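These are the structures in question, set out in turn.
One chain, subunit A, links the two complexes that follow: it is found with subunit B in the first and with subunit C in the second.
Coming up: the complex of A and B.
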């Protein structure tokens, strides 16, 4: 049987790049990053369950500027995916589809994610958060 | 769904079952949404509770996750995270991995990996919270 003619979506290039599709791509990208973050989180739990030596080794691994950068990246991915996920859930119940609402909620998510990431970093740096306590 | 365009594009059987090309209807989509709703408070709690600890040293983490409610919520969170991650990464694979064999093998590997991660996380938390009982 010859393949039936199926509707095809137009190629990406014909769309104008704008905030809505940027945030959509970012939602999937941060989701993928967070799946890796889940591995790191579970590795941390296993290290904590395995004993003080294992925990110290894990702590040494994430200590330093590179570890800080990776954790901050996971932090941003988390807050972005969380806030934008709520935005998606609002769409799922049919809310917030207006052109202005869409853009406003998009920027709110970006600003909110940056603010929460900064807040979490400040909290981790100043109120302890050290893995050496 | 009764408009002309979709009527012509879907096979008669497809129109009757209404399950779409993935053959499982909306169950994947719905589970993704349910876990998302659950994770708003659960993952939010996890991050806030972790940051609220005086430090994240060995002793503090043990004391934190030795508390039953905290251990229970953390384990629940790990399970829901693993399910949500499994569903989400499966969609990415369905979209970008082409070829039946490659797609199927990747989906199987991902599902196995997520069960492993979830079970390992729960086991670690159980050991953390109850590991000292026997020793």
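Coming up: the complex of A and C.
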């Protein structure tokens, strides 16, 4: 019998989700979402450049609960990635490595991203309301 | 590319055994422990041991020793000092890397889940193969390197402030809790040095007596050896000695930038 290869011990399957590693995964995920979201953004620009009809078709596509969800998700990804990016910059200059600092800054980023997303949505709805009204 | 799933030979099978608590035990806790027997030809499994905590010491290591002594002598794990200074009993306890000897069972909610340090080849049960980990430590040349001859009549002296710079990083006991908690190390341990080796490198870089600082930094200036650190911070969260490998790595990155100007 050939010697059996040693098994690999469990890793992702068992490791506890903590604020630190959860936010790190979220940073990656929002980065990916932003890259994909760029396609939507470029589609919007192309539609705008192609004329009123094309733009109306795009607007119809994005107008609705699903479109709202996509744009809101894109907004959250943007604000989270931005704020957490600032957190990374602070680490790059050697700040915020202490236990209290890194936890507090993590929660601050989450709360901040939610607040900015809500603000952006409110602003967009306000703008939409004033154009239609 | 990161492989998120366990290979086929590493999946935990469902044939775990259950060892019931003795009759009349009042304060029973379940310990769910990863078992792998290289001689069985079978995949790893999770065995469940019910312990009467009224006759068991407070630490997770006490429970493991009780199991080995009284219930199942085949359970295999490393241990030595039982006071958090040797680093032998490093393992994953309740999803978090730490030393079994200084981790109280009472601090854990529900069943106590124990598995070997993550993403390592398993020799047996809770004993991981740390050969690569030690080789990486050796690769950063963890000794004093000098060019100038030592003073003939005394040691190489340093100021109190300079000594303080190495106090904390030299408290590392090489238990591997940090490196094996790091997802970057999981996916790239063949090329990324990992937090423990980098903390050791830092310890020699900031040592005022060491004269190979430039070479040490040259060695680390590499997309994988150093820069696979993405400041996830699992290392610092895991360190049972409360050291901060993430900060040490951050400072090395800063030194690499500063020396260009």
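Keep this in mind: the second predicted complex is superposed on the first by the 113 of 133 C-alpha atoms of A that agree within 3 Å, B and C clash if a C-alpha of one lies under 4 Å from a C-alpha of the other, contacts with A are read in each partner's own complex, and residues count from 1 in each chain.
Definition applied: a contact is a pair of C-beta atoms (placed from the backbone, for glycine too) under 8 Å apart; a residue touches a chain by one contact, two chains touch by 3 or more.
Only a predicted model underlies this, so the values are computations on that prediction, with no experimental measurement involved.
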item	value
First (subunit B), second (subunit C), both or neither touched by A:73	neither
Subunit A residues touched by each partner, larger count belonging to subunit B or subunit C	B
Which superposed partner A:11 touches (first subunit B, second subunit C, both, neither)	second
Touching partner for A:21 - first (subunit B), second (subunit C), both, neither	second
Touched partner set for A:112, first subunit B, second subunit C, both or neither	neither
Contacts of A:92 with subunit B and subunit C, given as first, second, both or neither	both
Intersection of the subunit A residues that touch subunit B with those that touch subunit C	4-7, 88, 92
Contact footprint of subunit C on subunit A as seen in their complex	1, 4-16, 18, 20-21, 24, 88, 91-94, 97, 99, 102
Subunit A residues within the subunit B interface of the complex	4-7, 28, 31-32, 34-35, 38-39, 41-42, 45-46, 48-49, 52, 55-56, 78, 82, 85-86, 88-89, 92, 120, 123-124, 127-133
Residues of subunit C that touch subunit A when the two form their complex	4, 6-7, 9-10, 12, 34, 36, 38, 41, 43-44, 92, 94-96, 113, 115-123, 128-129, 181, 183, 186, 230-234, 236-237, 244, 246-247, 250-251, 253-254
Residue numbers on subunit B that touch subunit A, as the complex places them	5, 9, 11, 33, 36-37, 39-40, 43-44, 47, 51, 53-62, 65, 74, 78, 81-82, 85, 88-89, 92, 117, 120-121, 123-125, 127-128, 131
